[in-house]
Structure formats: C-alpha cells, structure tokens
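My structure is below; once you've seen it, I'll send some questions.
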Amino acid sequence: MGQAIYNILVFPGLFFLILFGWAAEFIDRKIYARGQKRVGPPWYQPVADFIKLAAKEDIVPEEASATSFKLMPLIAMASAVTAFFYIPLWTTEALFSFYGDIIVVMYLLTIPTLTFFLGGWYSRSLYSTIGAMRTLTQLFAYEVPLFVVILASALLANTWSLSEITKFYALHPHLWIFNLLGFGIGIIALLGKLEKGPFDIPEAETEIVAGSFTEYGGRLLAFFRLTLDIEVIVGASLLAAVFLPFGLNLTPAIGFVIYIIKVLFIVILLAVLRTILARFRIDQMLDFCWRYLAPLAFIQILINLLVKGLLLR
Amino acid sequence: MGLIKKIVTWGRTKSPWVLHFNTGACNACDIEIIAALTPRYDLERFGVLLKGSPRHADVLLCSGPVTRQIGDRLKRIYDQMPEPKFVVAVGTCACSGGVFKGCYNIESGIDQVLPVAAYIPGCPASPKAIIDAVVKLLKSLEES
Amino acid sequence: MKGPGRMLQLILESILKKPSTVSYPKFKEAPLKSLRGAIAFIPENCIGCKICMKDCPAGAIIITKIGEKVFQAEIDLSKCIYCAQCVDSCPKKALEYTTQFELAALDKNKLKVTTSGKLQTTTQNETPKSE
Amino acid sequence: MSDIEKTKENLIQKFPALAEKTQITRETRIWTEIPFELFLPVFNYLLTDLHFNVLCAITGMDEVTQFSVIYHLAKENQLVVSLKVILASKEKPFINTITDTFPAADIYERELVDLLGIHVNGLKEGNRYPLPDNWPQGEYPLRKGWTADRLKKKEGGAPNA
Amino acid sequence: MPKKVRIPVGPQHPALKEPVSFSLELSGERILEATIRLGYNHRGIEKACEERSYIQDLYLLERICGICSHSHSTCFVQAVEEIAKLEVPKRGLYIRTLIAELERVHSHLLWLGVAGHEIGFDTLLMFTWNDREIVMDLLAETTGNRVNYGINSIGGVRRDITDEQIKKIMKAMDTLEERTKYYIKIATEETTIIQRLSGVGVLSHDDAVKLGAVGPTARASSVDRDVRRDDPYAAYGEIKFKVITDNHNDVYGRTIVRVLELMESYNIIRQLLQNIPAGPIAVKAPRKIPAGEALSRYEAPRGEDVHYVKSNGTENPERVKVRAPTLANIQAVAHMLKDRYLADMPIIIAAIDPCFSCTDRAITVKDLGQKSEGLMQWGDLRKYSIEWYKGKGIDFSNLKKI
C-alpha cells in the first residue's frame, strides 16, 4: 500500500512528473530562444512562473460559472496524471495495466483538451469562446490520425495493452522501424494536441489573445500550465513507448536514462518544429490533417498489416 | 511563514509577465519595448514574457501620455489584472506628457490615472533603459 | 524549391552558435559618444538669457536667477525629450548633453535635477535608489 | 511651355476670374483661390479635363474673418493644385462632400466637422472622427482663439467624464 | 445567412501595436464586415503646432510617430524651407536623404518581423529584428538617438557625418544585403509563410486607386507611384533607383515589394555615400518665417506623407496640416478584411503597416451597404456557434451539461 502511494505521489508519479514537466518546459523554451539567437530563460524559470502564479489573486469573471471555471484545471491535471500510470516507461511494465488500457489512455489524454475547451467556454468571454471552438475543431482534426497510428502499432503487436505492446517489441527488437511513419504522424498530432506552434491556433496570441486561457489567471492558470507541461511528458512517453520501444530490458538505471533521452528527444523535436514553422490557419489545419495526415495514418495500418502477414509467419 | 514569503517573493521577482499598452504613444516607445524582447536585448533572460491578456500580467507597461479616449480603457485593463500588479511608465510621455504636454486631448502622464511603480524617462526609452528599469524595479521588490 | 521548414538550417546553426544577446546590465559597454542622454548644466557659463527655456519643446528646463550673475537650472528628466535643442540654442555653451541614459526611477520627484552655480554642483550621475 | 504653365493657362482660360489668384510657387506647385460658388465647376474641370485625380489631403482653416478649405489635388502624382475655397458664411460654414468621387475623402471631411465645425452636406452617418465620443458639443479645437482651458472649465476638471 | 456575431478588437489587443478598435462582424470564422474606430491616439498635435514656435514644432511633429519620425520632420522642414526660401546645402540634403533611407530599412525590417509575428512565426520576428539592430546602431551613431533622431533643423541638418561613419555604413549595407537576400529566399520558398500570405487581403488595382491607397500597399497592386521619383525632394533627383511594383495584389505582394525595396534602399544609400559632396550642412534660419504657404510631399516607408504649412510672419505657424500615410491606407483595410478569416485579420491589418498615432481618427467604413443585425446576446452566440460547428460535422451540444 505504502509502496503504491509512493509510486503515485512521488516516483514515478506526480512529483517526478511535475519536475520532469518543468525541465521539459525549460528545454523547450531554451531551444526556442536559442534557435532565435536569444539567450532565453534561466533554468528555474518554469518553477518561478508556477510559484508566482500560484501566489496571485484568483479572479473569476463575473459572467463565468464559478464552479466549472475553477474545476477545469483540476480535472485536466488529474486525467493527465492518471494516463501516465498506464504507460510503460523504462521497463515493459507500466504501474497499472490491463487489457485495453490503450483506449483508456487515449481517452484520458483527450480530457485535458476538453477541459481547455470547457474552461474557455465557461469563461464566457469572446476570445475564450473562439479559442474554445478552435480547441475543439482542432481536436477532431488531429485525434483521428493519432489514434490510428497508435492503433497500427498495436495491431502489429496484436494486443490492446500498452505494456503488452512494449513486451512484444522487446521480443521483436527491429520491428519498430516499420512504425517510423507513424512516429512522424504522432509527433505532428502531438503538436496539435499540445497546442504548440505551428498548431497553436487555439491560443494564437495575435488573433484571440490567449484563447481559452484568456480569462484564467493566478492559481488556475498555474494549474493549466502545469497540466500542459505534464501532458508534454505523458504524450512524449506514450510516443516513446509505442514507437521507440528499445532499451527496455536493461537494468533499471540504464533503462531510466534511455527513457529520459527518448522523451527529451521528442521534446527537442517539438521545440525545433515550432521554431521553424509559421502558424497554420484553422481551415488549413483541418485540411492538412484530413487530406494528408489521416490517409498517411491509414497507410501505416496497411504497412503493419503487410508486415504482420509477411514477416510474422 | 517567513520562508514561504521568501519563496513567493523570489517567484515574483523572477517571473514578471508584462502587458504592453499603448496609451497614445508615438510608436517609438512601443517598438523599443518590442526591441527589448528581441535577440539583442532579450528580456526573457529575466523571466519577462509578453502576454496578451491582462489576467496573465503582473506588470503593465504603458507608453504614451494617455489620451482622453484611452483613459477609462486603461483603468479597466488595470482592474482586470490580478494582484499584485505594477504599472511602469515607459518614456517621457508616460512620465509627464512630454512634448505633448498641453495638447488638448491628453492627460499628462500615466500617474494621473493609475499609481505608477517606476518611471523610465527617455524619448524613446531605449531598450537598455527599459532593462535598467526592470532590474531596478525587481530589486526594490526583492528588498521590500 | 518550395517547402516547409526552410529556416531549419539557420536555426540549428544558431542553436549551436553564441546568441547575439548583450549581457547588459551585467557588462556595461561604454555608451556611444554621440548618444544624447541627460542634459548637464554648467553654471559658470550661463548668462541667464533663457533662450534654452524658450526653445525647449517640452518645457523641461527652468532657469532662475539665484544671485548676482548666478543662475540655477532645474531640468525635469521626466519631461525632457533629450533632443538637445537647448544645447544648440544656448549662446554660451552652458548646457551640454551627456550619454547618461539609465535614468529610471521609482520616485518621480527624484527625476527633477537642480544644478546651481557657486554654492555647490550636483550632477545626476547617480540614478536615484529605490525607496 | 512647361506642364505647369499649361495647366495655369488652361485654368485661367476656362475661369477668367481666377487670373489674379493663381500662382505657381515652384515647378510642381500651383495655388489658386476661389469663392464657394465656383467650387464645383473648377473641381470638376480639374478632375475630368486636367486629370488631377489623386486627392492628397483636405485642409480646413479658420482665417478669423472667414473659413477656407484647401483641396490638394495631384496629377499622376506630379503636379499639385491646391484649390483654396473660401466658404460662404463665417457663422454657419458648410461645404459639399466629395466622397462620391473620392471615397477616401470621408476621413478628411470628418476632420473638418470635428475640429473646425464645418458642416459637410451629404456626408454619410458614421463614427466621430478624431475626437472622442464624449467630446462636448460646440467645441472646435482648431478654431482660432480656442484653447484647452475652455474644455477644463466646461467639464469642471473631470477629464474622462 | 445566419445571425452575425460582432466582436470588438482593440483598443488593447495583442495584434495591434497601437490603440485602434475594429468591430468585426463574424459568421463563424469569417469576417462579414469591419468597422474601424480610430481616435484613441488623437493628441491634438495640429493645434499644438499653432501654439508653439517652428523649432518646437520640429520636435513635436517628429513625434507624430516614432517609426518614420524622420518622414514627418523632413516633410515639415521642407515646407518651412520652401516658404522661407532657404537653400539647404547639398551635403545637408544628402545626409537627410541618407537618414531617410536608413529609416526605410529599419521600418521595412520591422514590418517583416511584425508580419512574421502576426502569422505566428516569431522566429522571423527575432531574426529580422536582430538584423534591424544593425541599422539602429547606425542611426544612433549618426544622429544621436535610436528613434526620433532629431537630425533635421530648419535649413539643414544638425550633425555632420564622418568618413569613419561612412565606411561603417557601407560595410553594414553589405551585411544587410546578404541577410535580405536570405529573407527573399525564405519569403519565396517557405510554404507555411506563403500559405498564410497569398490570397489574403486582396486589393485590386482599381480599388487601390479608388480608395486612395499609398506606398507599398498600393504598389503591390501595381499602382506605380512613388513621390521620390515623381516629385523628387532632397537628394533623390540625383539618385538612380527603381520603383518596385508587384501584381500579386495581396499581402504576399506587399511582402515582396517591401523586401525588394530594401535592396533598392541599400543601393540608394551606397550612391549617396559615394557622391556626398563636401561643404556646410545647414544654413541659418530666421526665427520668424515670412508669410506664405507650402505643401510638402514625402515618400515615407508606408507611403506618401503630406504636410501643409501656412506661416504668418511670426515665430509660430498659422496652420500645420498633416496627412499621414496610414490615414490614406486605412480605408483599404476595411475593404480587405471583408470576407476573410478571423485568423487573417492581424496580418491584413499589419500588411499596411499601420501606425495609428498620427491617423487617430474615427472612420466608419461600411462599403458592404447592408445594416448589421445588431449585437447578439451571449446565449444567442453560444447557440449560434453550436449550430455553426454542427454544420461542420461537430456536435457538442451535449457537452454543455457537464
């Protein structure tokens, strides 16, 4: 019992997740800044931001429905953290696992996005509402390709559990190569999920101020930001587990290092992508996802079916 | 208690998010504020982020002498900012009205409308002067 | 060749190179000599003609007589636009511009600088400390 | 004969009354002054026959004894005719809008309304320009003798009331 | 057409550097009509000019706007010099022109950065502004201030330029030219940029003429106008340069015009520095300007700037009238916004590079002809947006109950 609580709250649970999330935010901002020839923020920046926000006054807009408005950040965080427990990190075993957890994780990862939408919706300010709409529209655009590519990988492993998937790839160490296309699509979809440039459409500063978060300030905003940081880690861990399943059966220490490297690699990839691309327009985003991403994702399924048919007997 | 207060103060001085509001400036101060965020000066070194929403901001950077039209907008934006908040007057206009003092459509300076925490003279206040002011303001926060 | 990510190379390069940020205020390089900063008053030269007051676009300078052939200048740094027109206008070179630009203050009153002859000279090289 | 002299010649030929008042101040500038009655014919002549089809600006002026409005018209961006129109009445000055020909004149005409109190016949309804909505009635800052003190007095010192 | 939503943009909005308010009528993400309310920045400069001396006005007018401050001050001194019949020495004119072109370089680079920012490409902003600092350094060194240079005086310029500075500027031009070539390459190759810029903010040639657009905004709609060539002032009569036009008619075209103009500016600056004559830089101007009037035109980075000055023989002018370039372009903006996506709004507005500080007036541009159907209440808006997204195959009407 004590072990489980320790696992959930400290390691590899909440505490670890928050620290790692902050580290990732710092790395993301630093790379972004350095790519732009700037020095960028100091290493403690995400922590300082959080403390500052947490110590600020909370303002709930008069128009908004207070309970829902305040509840959203907590729901978002809770679901992101829960999802994390089902993802195998540096071993082939997740903290929790059952047959079909892949679906649960995907659902849990959708919830933060929905809370962004609802939070914006309940703020009842114009910019928030438009931001909320865009959040939702975007959700429908990237979610399908993301789902499909993860499914493709699961298909090859012939299981519905993330832990089983990693076990499968640990047994067939070179098969993950076939999933590279899926990995690319996953990265792009993850950009959309995390609302990072070039898909930061729902928070486009120059158009709708800060989108859903426009009316959030103080502690509530701090939690939203923390959720986003955590989501980066969870999303990256998910992609790492599904598409980069190597180095798992080593000693925990080495496995841990490899895991950290994998996640950071994805974080850096995301940062570079957001540095070099201009923001899409919402209709261009929809177009792009449906016209290119989704078909490519289905091609990934085809590839995996072929591989399954030809290589695995 | 003392420790928590110290930590909070530390967080505040390391993460001042700013909102920039043109209160009738000539643009020069505004572009210098933006210039202070770009690679040569990079205010993000001090944790400064430019935010669009008053709800996210800790510091309101005002440039310009406050025209009659903008006065109550300015107050409204200030009210929307969560405590603790600070107003910084960027440029001579914002400090006192500058060359425009005496024109019929302006107030003379931000402090006619809002309490001002720091004044940055200069026409325009150069990016270095802005950084200088930020550092001075943060230092005073740390000490208080 | 059209395509996305055209700036990739430049950006990867700049991640590895030194950023172009100056480390102000840690290291302060000497300001350009030609920069116009705060105006300094040289009381010995002033003859009290007040042309500077007349030409100042911002009404930032006030010359008062404080004794026989002794004048005092009050320059309000919160009003001055650092145009140095007064320097050009002064027939006796009693005003000159300095390169002092770090003038920010938390207290507006500290931005009024009074310089007078004979008695004592206070230049405002020191920017006011916080309260 | 240079272009500008030809323009002057044409103008005077068509409207002999302008002979005295038309001057060339430099190679691309020509100034002329007309009473309000002549405005439309001269304006149309400049526009259609002489092709001065770029509107640079409209300047309104309070000349103490009279109001005048100057239309600065350019031709292919070279020659500029400044057509000064003396308004008929000092008490109730008015002009006719030229927004049908130059939609862009809208803003310049609104400025005349707000800053000088010149009525513009035919100007469409719209937002105030450039003064704030709460600006007191009957105050025209660009009129001679108007000072900001008047405003302070009228508003009792409340600036953003 | 279903109900419309009216959203206010401004006066404080991240897309706007300056206060202005647009009221947009939306149908989903589409803009049906745009109404512009300017005037937040009206400071009453024209009146103040009449109350102050010419010397004071020079600095006041320079501060109409800080981005092309040199434009306004030059335009004003030109008018005063014409009235007072002052012959400005050649060297003075060359220095004035040099600063004017340096200002154009800084302004166009600034624009390119802001345009990048508006389409969510901050990296471009950072790079162009980093290069812009080179120009700012040159300006600071030659004039004594980074912005609001204060280089003009009535009768000439206030500071001479040294040979050392000339060498420095020449060198900087080479660097900048290389950088600009890179930006041209980026602007014509990076698809994410092209996608966001082309076809956006379309202004046909006829509309541009009709609405009186000026500067790069007009030149990108193939309106071949440039005061520098058409009505030469300062040293432009002695310089060879091309007037850049483009027929894309959209924001992309405006980008092209601006980057190519940058290349022309480097050219002009080189010619100026090679041919700069020796001699005095200014003549002494009388405090009292004889009675007279003059109209001065100037090609500011954003288009034609017009000043009218009337003097009455005293130390103060009788009337000063300013027609700034943005004022001429603002009508075109409302036209361009129509029927576009909300996401395009910032870049369309930014594409004329507006600076409302001197425009500061309120205009209603209602070229759509139809009356709005009034403001929607919140409930309506929610219902409406649900409907709209339903039309797109997205239904979240049930989510409301969570």
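Note that the chains take the letters A, B, C, D and E in the order they are written out, and that residue 1 is the start of every chain.
Keep in mind that, in the parts below, a contact is a pair of C-beta atoms (placed from the backbone, for glycine too) under 8 Å apart; a residue touches a chain by one contact, two chains touch by 3 or more.
Everything numeric in this text was worked out from a predicted model, so none of it was measured.
A.B. asks: Hopping along touching chains only, can you work out the least number of steps from chain B to chain E?
C.D. replies: 1
A.B. asks: What are the mutual neighbours of chain A and chain B in this structure?
C.D. replies: Shared contacts of chain A and chain B: C, E.
A.B. asks: Sort the other chains by how far their Cα centres are from that of chain B and give me the top one.
C.D. replies: Of all the other chains, the one whose centre lies farthest from chain B is D.
A.B. asks: Of all chains present, which has the mean Cα position farthest from that of chain E?
C.D. replies: Most remote chain from chain E, centroid-wise, comes out as A.
A.B. asks: Based only on mean CA positions, could you tell me how far chain A sits from chain C in angstrom?
C.D. replies: 50
A.B. asks: What whole-number Å value describes the gap between the mean CA coordinates of chain C and chain E?
C.D. replies: Distance between chain centres, rounded to whole Å: 29 Å.
A.B. asks: Based only on mean CA positions, could you tell me how far chain D sits from chain E in angstrom?
C.D. replies: Chain D and chain E have C-alpha centres separated by 25 Å.
A.B. asks: Rounded to the nearest whole Å, what is the centre-to-centre distance of chain A and chain D, using the mean of the C-alpha atoms as each centre?
C.D. replies: 62
A.B. asks: What positions in chain B touch 2 or more of the other chains?
C.D. replies: Where chain B meets two or more other chains at a single residue, that happens at 38-40, 42, 45, 52, 67, 69, 98-99, 102-105, 123, 126.
A.B. asks: Which chain C residues touch at least two other chains?
C.D. replies: 4-7, 11, 19-21, 57-58, 81-83
A.B. asks: Considering chain E alone, which of its residues make contact with at least two other chains?
C.D. replies: 13-14, 39, 42, 44, 47, 59-60, 63, 123-124, 126-127, 130, 145, 148, 190, 192, 360
A.B. asks: Which chain B residues qualify as touching chain C in the complex?
C.D. replies: Per the stated touch rule, the residues are 39-42, 45, 92, 95-99, 101-102, 109, 111, 116-123, 125-126, 128-129, 131-133, 135-137, 139-140, 143.
A.B. asks: Any idea which chain A residues touch chain C in the complex?
C.D. replies: Result: residues 31, 33-40, 272, 275-277 of chain A touch chain C.
A.B. asks: What does chain B use to touch chain E in their complex?
C.D. replies: 21-32, 34-35, 38-40, 52, 54, 64-65, 67, 69-70, 73, 77, 98-100, 102-106, 123-124, 126
A.B. asks: Give the list of chain C residues in touch with chain B in this complex.
C.D. replies: Answer in residue numbers: 19-22, 24-25, 57-59, 76-83, 101-106, 108, 111, 127, 130-131.
A.B. asks: Quick check: in the complex, which residue numbers of chain E touch chain D?
C.D. replies: My answer: residues 35, 37-39, 42, 44, 46-47, 82, 210-212, 225-227, 230-231, 293-295, 297, 304, 306, 308, 310, 318-319, 321, 323, 327-328, 330-331, 360-367.
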